[in-house]
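Next come two complexes built around chain A: one with chain B, the other with chain C.
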Partner chain A sequence: MRKEIKITAVVVLVALVFSLLLTANVLAQEEDRYGGTLNAAFQMSVAHLDSDNSTDSLITAMMNHVYEGLFEFDENLNLTPHLAESYQVGEDGLVYEVKLRENVKLHNGQTMDADDVIASFRRWLELNNGGQLVAPYFDQVEKIDQFNIRFKFAEAYAPFLNILASPVSNQKFVVRAEEVVDEFGTDVIDRHVGTGPYKYEEWVPDQKLVLTRFEDYTPSSREASFFAGKRTAYLDEIVFNFIPDAQVRVSGVQTGQFHFAEEVPRDQYPLFEANQNIDNVIIYPDRMSMLIYNNAEAPFDNKYARQAIAYALDFEELGYAMIGDPQFWRLESALHEEGNPWHVPDAGEGIYGVYDPEKAKELLDQAGYDGDPIVILSGQDNQMERQGAIAIQDQLEEIGIDVELQLFDRPTVVERRSKKEGWHIHLSPFIKIVPDPQIHQGWTGTNKWISNWDSEESREMDQIFAEMLREVDQEKRYEIMERMQSKLWDSVPYFNILDYSRLHIKRAELKDFKGSWQPFFWNTYLE
Partner chain B sequence: MLFLKKYKKYEHPYITTSIIILILLAFLSLFAPVLTDYNPVRNDARNRLQAPSREHLLGTDQFGRDVFTRILYGIRTSMEVGLAVVILTVIFGGVVGIAAGYYPQLDKVVMRILDAMMAFPGIIIAISLAAIWGAGKLNIILALSFAYFPKMARIVRSAVISIKDLDYVDSARAVGAKDSRIIFKYILKNSASPIMVQATFNFALAILDEAALSFLGVGIMPPAPSLGAMVTDARTYMVVAPWLILAPGIMIVLAVLSLNLLGDGLRDLLDPHLKNTLKNREVKK
Partner chain C sequence: MRNYIIKRLLLLVPIILIVAVIAFFITNLMPGDPVRVILGNMATESEVARLEQSLGLDQPLIMRFFRWLANIIKGDFGESLYLNAPVSEVLFERLRPTLFIAVMAEVMGITSGLLLGILAAVNHRKVLDQFSITLSLFGISIPSFWLALMLMFVFSVNLGWFPVSGYEPFTEAGFGSFRYLILPAVTLAFMQAGLIARMTRSAMLDTLKQDYIRTAKSKGLSRKIIVFKHALKNSMLPVITVIGHNFAVLLGGTWIVETIFVIPGTGFMAINAIMRRDIPVIQASIIFVAVIYVIINLFVDLSYAFLNPKIRYH
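Moving on to the complex of A and B:
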């Protein structure tokens, strides 16, 4: 008996020592993560750093480290309170009450409260694209007490919270210090006081932006997931370098000068794969390639002709020609990718991805197509646009459709596609990640958009849109979304050919990096 | 013909080499449909970026098109453009040059206009014209001819000026020959050699500039094959598929080099002054 007790005691003791050691080890590891300067290479330079004043997505991406939103999206594009503690929607979607987290410090040492949020919100409503979408429906914002705010609407506007958290440039609402908002008004802000884990240190135009750790940062208690939840600033300093040339970004990572490079050529993937010091970061799903008809001009003023093209194209072959390596693209008929709450899995069933040239010819006859050349208008600088247009031309000519290819630089393309005649098909890359289906570039609906779609069908689509705007219940909104997708695939004013991704690379010593649609460097560390 | 006699006499190595290469290129482009089973524009993207193999001698490009086939048709495009540009510049340059050289009252005005045109580099003029008229083979030919003809006109003019006061021209005039007869029978015939040399250079330049314009995206419109456009498209794949950029690049070099050598050779052959200096040099050695 005694012996047994002894043995048990020893076992317990050993276990205790081990667990202690382990904890210490984990703590030490956690401690080890701190420190270092991260050098990242981005492809474009920015004009300034005020996200309310620019559509440049890089501003949003960089300043996400400095500013935070009331709400942020997590990995699965679910809305999560961030600077907000909780929220309530009442009275048929006309009132939103938001409770703020208390004791959140701003970079100027003060505590963030309702006044900061309201000042920032008013500026956002007036200046920001997202704010301008909301403004026509909005009534007023009220301070309930120091940490409670009430947003009142004149008309229900269902996408409101999603827009506040939007991951898209020039939409997201971030909280700035009231004093800064008062000082700059609607002018471009160049003094940055936010609540984020990093604070603004230095900006050298066309060269770099330097951020340093904010020691008094108050993290959210929620689980970390992309932009939502707990953010930990392991790095002492983050330097965003602006390097327009892709090959320079690549060699910078190869030599170790940069830890991260944005958008590098996808076709060099095998090279990076073979390099032990470099990790590929495939951002997926990220972009989609839209085929847009000119619905105002024959033959595509007829829906049978529009359907015909969908049957005439071999989408898989297009994937290889436009993008290349199949790990960078996938066929997707819906406007929203798989995993997105708004994804409609059976969109385009029976037409999308059905390669049937005979049917295409029948439909074209039905539409009364007279054999005039089809003009494909596309950009020549973007690989997807240029190679897609060439591949589509080839496929259509193979079934006897005469095609004229017009490849131009972007400004010329934008100018020509805004006209009602002179083009039939246009290819355009779209950003796949959107905060809410109702601020999807492709579904602002109808003749207002470049597709010149103005018919009985387009007006029906407008009604569906208006109905969904009033519906606050997300499940019911999803049902409307399903209806809209099937309508879209019946009338095909435009359609998604496929989704594709960009490729970033990073050094192997940059750990725990999450490949999100906008790169961020909190919760990552250098080994 | 005069230069064939001279050629036999001097056995110029430059000319021999370049003519062999040019005949080879002409053969390749003329018999392209026989030499390859592939269509130069048909896609087969599932087999993209394949390395050179027995089926695809020079591999495939980003659309899965056979690179060897595209090169053959690309040379054809280059040759067509070069030939057309040479013919047009000789006609335009000839007419303007003769007019300026033979009729002194026209000379000042015409030459000043040509001077102004020559102040701009030819490629700049060609780029702007191609940008205004739009891309396409015909527009490229017109743009390049327009850019090259001032120089041709200048060369013709100086040849005409130096010949028109020679004794045999004077005697023809004394006999009462008309201007047209003097120009075609006496002057043009005797100014053939500098025109020929310049024409060869223009041929080479046209091939190079067509490649440059297509490289810049204002030349031959895709999917039609052009060596320059092939080089542009291949830049993206340079690291993973180097044959894509090497093959058309080497072809451009071959074509331009051989034409330049031919031009140099012809000049040595037809220009007695230069030949004498060369001979003297050899003697000094």
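Moving on to the complex of A and C:
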């Protein structure tokens, strides 16, 4: 008996020592992850870092490390409370009560509270493109107590929470320190105090942005998933370098000077595959190639002419011309990708991808097209835009349409397409991740964005969006989305030719990197 | 001589004025809207109007011109539309890396170009001459953007001797900052060396045929003295002209090289400004290059008198 006790004691002791060693090993491994400077190479620079004062989404992509939202999207685009602890929506959709997480530290050492959120929200409402969508329906924001806030609407605005976390064109609402909001007002902020895992250190325009770890960061207790949940800052420092030349970004990753490079030439994919120090990162969903009509100019002021172009184009051939390797593109008629809760699987049935030049000619006749040249306005710096425009010109000329191709640099394209005349078709890349169908309202409807669409059909579309705006029931909103997609493919003020992915690369020593629609570097570490 | 210098300096004023007028109207009349570039893709018309107003771009062109002219006479080039800082401040900040690269390239180009040219001339129609001609032909013909990428591929990617891009100021990195500047400088020096070598060779060949060289030889002077003391100095006039004119071309070359190697100099600034239609920065860049060009030409002209005492300016 005593011997058995002894054996049991020894076994227990060994197990205890073993588990202690294991725990120590895990902790040591976790500890090993900390440290290092990550150098990332981005293609474009930005004018400043104030997301409320620009629609350039690169600002949010970088400043997501510094600022956080009340809500963030996870990997499956589920809206998740982040700086918010919980929330309640009134039955009529007019009141949203948000409870904030307590003990969240700002980079100035103070605790984030309702005053910071309210000050940031008011600025967002006034300046931000997303805030301006919300403002016409909004009534007021009230402080219930230090960590509870009430948002009140004058009219129901169903997409409110999704827009607060939207990654589109800097629409996302982020929490800034109240003192900074008071100091800068509507001016561009150049002193950045947020709650994120990294804090602002240095900004050299056109050269680099340096962020350093925020030691007092208070992570969310939720499971980490893309932008939502727990964020751990393993890296001491993150340097975003702005490198316009793609080949230099590639060379930088090859030599180890950069650990990540955004948007590199897709035709070099096999080279990167063969290099054991480099990992390819292909993001799907990423971009969609959008053909936009000038709906104010004949012949495209007539929906039959617009439909005709969809029938006249061989989308698959366009895919090869625009992007090349089919692993980087896929045909997709819906505005939301497969897996997105708003995806409509049968969108554009009967017209999308139906290559029928004869039908196209019939429709053009029906529209009364008189043979005047069609002007395609496109960018010359981006492969998709340039190659796409040339391929569309070829295909349209095959059915007897006289096409004038106008390829310009970006500033010229941006200026020309903003005019009501002088162009008929414009090709533009759109970000595919759109977390709420209401966001399409920004470019879909009467005289929205550049489409110059002003007709009975556009007003019907406005009605659909107005319905969607008021409807707070998710299922009913989806039904409205189906109607919207159906209407869109019937009236075709613009259409999605295909979805495509950009190619990013990273060094193999950068571990646990998650490829998302906007690159982020928390929860990743350098081995 | 003094009067000549004063006259030339005074001539700077109308030249710069003409350049300024051209720069203003070209930049304002070229297509592309800076406001829409700043605001991004989804900017609304009200946002565009608000920014146009705050930047003063809603004013008539002619009013903007006179206001701008009055300001640049005071030395105020306005504010960068994109960088939210005074243009003169931005230009001054970016000048240092550009000057570093330009001077390094010029020194490398002159040294190697002269050496190659002299070697070619004194070894006329021999292997060294052929080698020098071929090398200088490469220097003239190879586009700098291609050469820059090739140098990067060999010396940064394969050998790992230099970083592929970036810049650290001398005040922060000391001599370490040269690591970033060597490849850009070599790229620019290659073209310079090619031109200087060809010009030195042909000028030297002409000079070496002169009677005084024959006299020097018959006097029994050493070859070294004949080449370096008699022939070289007398061949320098056309070479100096090429060096001077090409320094201005070299400043243009920095626009490409700085963009490839991401050196935050005036060239990189100017290219970015053009891409974004940052009009005040483009205007200042044009005026800056024009001023440099005129000043260098003045120095070239003055150096003629130094090299050939027979030349006198009135």
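Quick note on the criterion: the second predicted complex is superposed on the first by the 484 of 527 C-alpha atoms of A that agree within 3 Å, B and C clash if a C-alpha of one lies under 4 Å from a C-alpha of the other, contacts with A are read in each partner's own complex, and residues count from 1 in each chain.
The definition used in the following text is that a residue touches a chain if its C-beta (ideal position, glycine included) is under 8 Å from a C-beta of that chain, and two chains touch if they have at least 3 such contacts.
What you see is a predicted model, and the numbers here were worked out from it, not measured in a lab.
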Q) In the superposed arrangement, which partner chain does A:10 touch: chain B (first), chain C (second), both, or neither? A) neither
Once chain A of both complexes is superposed, is A:54 in touch with chain B (first), chain C (second), both, or neither?
second
Partner touching more residues of chain A, chain B vs chain C, is chain C
Counting only touches as set out at the top, which of chain B and chain C does A:169 meet: first, second, both, neither? second
- Touching partner for A:466 - first (chain B), second (chain C), both, neither: neither
Inset, instruction - Tell me which partner A:415 touches in the superposition: chain B (first), chain C (second), both or neither. - result: second
Residue set of chain B touching chain A in the complex reads 41-43, 45-46, 48-49, 62-64, 217, 221-223, 236-237, 239-241
Per the touch rule above, chain C residues touching chain A in the complex are 31-34, 36-44, 47-48, 82-85, 149, 152-153, 156-157, 160, 163-167, 259-262, 264, 268-269, 272, 275-277
Chain A residues touching chain B in their complex are 265, 267-268, 270-271, 316-321, 324, 380, 383, 386-387, 390-391, 393-395, 398, 405, 407
As the complex stands, chain A meets chain C at residues 45, 47-48, 54-57, 129, 132, 169-170, 188, 204-207, 241-245, 247-248, 251-252, 254-255, 257, 408-412, 414-416, 418, 428, 442-443, 449
